């Protein structure tokens, strides 16, 4: 259990109250009220266009809600090092070596210059990339880059890690390695919030499921119960794969 | 066609003779334009990057004006700088008129908008790709501008070459602020203009070929450097 | 980053250049394109510099612009060939004193086919009248230069109001002597030129000298120190030193010695008080 030593108060729980996100006339997020607690791995699933990515970006702070409130337990101060991280579907790496990419994130987090290389290498070792530390990040394979993204996030020792379909573009072997790293981070104390389309992955990795449909949280349940007995008709249809692509 | 073959003969004659005056002229041309590019880069690259990442009221207007300034006529810039630097003008006491420094100033003014406008475009395109990830890591807009500038450094080479090309090719600004003084402010382009006006067309054309050859050589070198570096970093 | 090192190095170079300039003794002379393009300065100035160690920087533009440069205090000495304009310059208090230095002459250049039939005429005004009445193409410099002003004087002397008589035959190009000759060569037109530029000009096409020798084609050069009272930055000692040399026997001989293909271009006449 590794509660961050930097802040006296934990980031979590994260409270959303009546959050709406509208683009033009469309309400992509249509009134979400929920609380994310420390501990369980939260997996977010739902049909395409349901608003999962937008919801995650709202939580992470990349988007501002049109109305409603999003409040962390202890707010992140602007300009201070971030205590949450996000991994995107496509990894975005700078034109530098793998190690330099991790060091860059550490620099932004305020880590002293002398510490960065050591911590960077440690992070790369944890995900099995230390032999590629000096390789240009952009020539790595898709799976390696995504592992690098995780290493970068892990080096920051975030309290919360958001992941938006991290294995969508990877072959099963690479996907499996990513899942291993995510589990390891969870074991080290990071709260995991992950979007996935892969229901097998959702069942493997998820402790609780958030089912999003048309911009609302339709169902929230422990993973086992959700997959065996979904409470809502839409969830049942989704699991059976019959839900139309338009949410 | 006869003029062209005469010009080629003149060019070869000049190069083969290793005329020291010609060497001075070439070196001065390079010194003035390269210095101008350096100054324009120091000002223009961060300026373009900052405009690319920050949104502010009037942003669209600034972008349009910046793009339009790429088309500043050299002779107009030359005239404006002349009036600034003349003894009768506000910066007269500096005594910079009719010196290479004045030429550097004029060319820097000429190409800074080019470098700023092009770097703005390149950085903006990169920002679209990097924005979510950099913000997620806690990067602020201006820090992002510098990070992106370094990341798109290979595109920057092309931008700097564009600026250099414009500077090395212009004659309108340097002839007004420099005065085309023999041995002091005479560069390749003003020499070509002078020889043309004297009716020495083969010589003027020969000099033009030499100028072109130098610019091509510079571009080729930059290309090779860029390609090898890009191989390494992807 | 390596680029910081490079920037510092360049700044250092610029400073070096600036200081190097400050240590060299030099004056700035505003003169005319015809004087420069005839090659006179290329011959004269190395002699002066070897003797005195003072470098002479010549900015060569049209007479009007040269005098303007003097008015702005951007030159120490002006060396032009348009007496009325020079006298005006003095009257404005912009110059200290006018010294006649040398003269050359204008020649009427034209196509060998000579449509206006002026070749060999001794009377320049008669020739100009013929050109105007036959509407043969004529190129004018149109740039307030000494040559341009001389041309306008000759039209007047021929009894022609050129502003009224201008037509498509009269091509007002607004160019220096060299470019104007280029234009005349390509248009096969008549043009008034100073002999010096013509002798040095290589792109003659089908043109040749058709009228010369008339006293009214006489082109006098004068030199003046820009008034240091109006422009304190003027290097009055070095400037006067140059003027003194031009009118000295050594300078006058050097002027006379300048030849193209064995032909003398400029005739020194500093001693002629009426010039």
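Order of writing sets the labels: A, B and C. Residues in every chain begin at 1.
Quick note on the criterion: contacts are C-beta pairs under 8 Å (C-beta built on N, C-alpha and C of every residue); 3 or more make two chains touch, one makes a residue touch a chain.
Remember, it's a predicted structure, so these values are computed and weren't measured experimentally.
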- Set of chains adjacent to chain A and to chain B: none
- Could you name the chain whose CA centroid falls nearest to the centroid of all protein CA atoms? B
- Query: From chain A, which chain is the farthest off, judged by mean CA positions?
  - Reply: C
- Query: Taking each chain's centre as the mean position of its Cα atoms, how many Å separate chain A from chain B?
  - Reply: 46
- Item | Averaged-CA centre spacing for the pair chain C and chain A, given as whole angstrom | 79
- dist(centroid_CA(chain B), centroid_CA(chain C)) in Å evaluates to 33
- Message: Using the touch definition from the top, which residues of chain C touch two or more other chains?
- Response: none
- On chain A, where are the residues touching two or more other chains? none
- Touching residues (chain side chain B, partner chain C) in the complex: 31, 34-35, 38, 42, 86-89, 92-93, 95, 97-101, 104, 150, 179-184, 194, 196-201
- Item | Residue ranges of chain C in contact with chain B within the complex | 1, 6-7, 10, 13-14, 17-18, 21, 28, 33, 37, 41-42, 55, 57-60, 71-74, 175-179, 181-182, 185, 200-204, 231, 233
- Seen from chain B, its contact residues with chain A in the complex are 129-130, 132-140, 143, 147, 151, 153-154, 232-234
- Note on the structure: In the complex, the residues of chain A that touch chain B are 57, 60-62, 79-82, 85-86, 88, 92, 94-96, 104-105, 108-109, 136-139, 152, 156
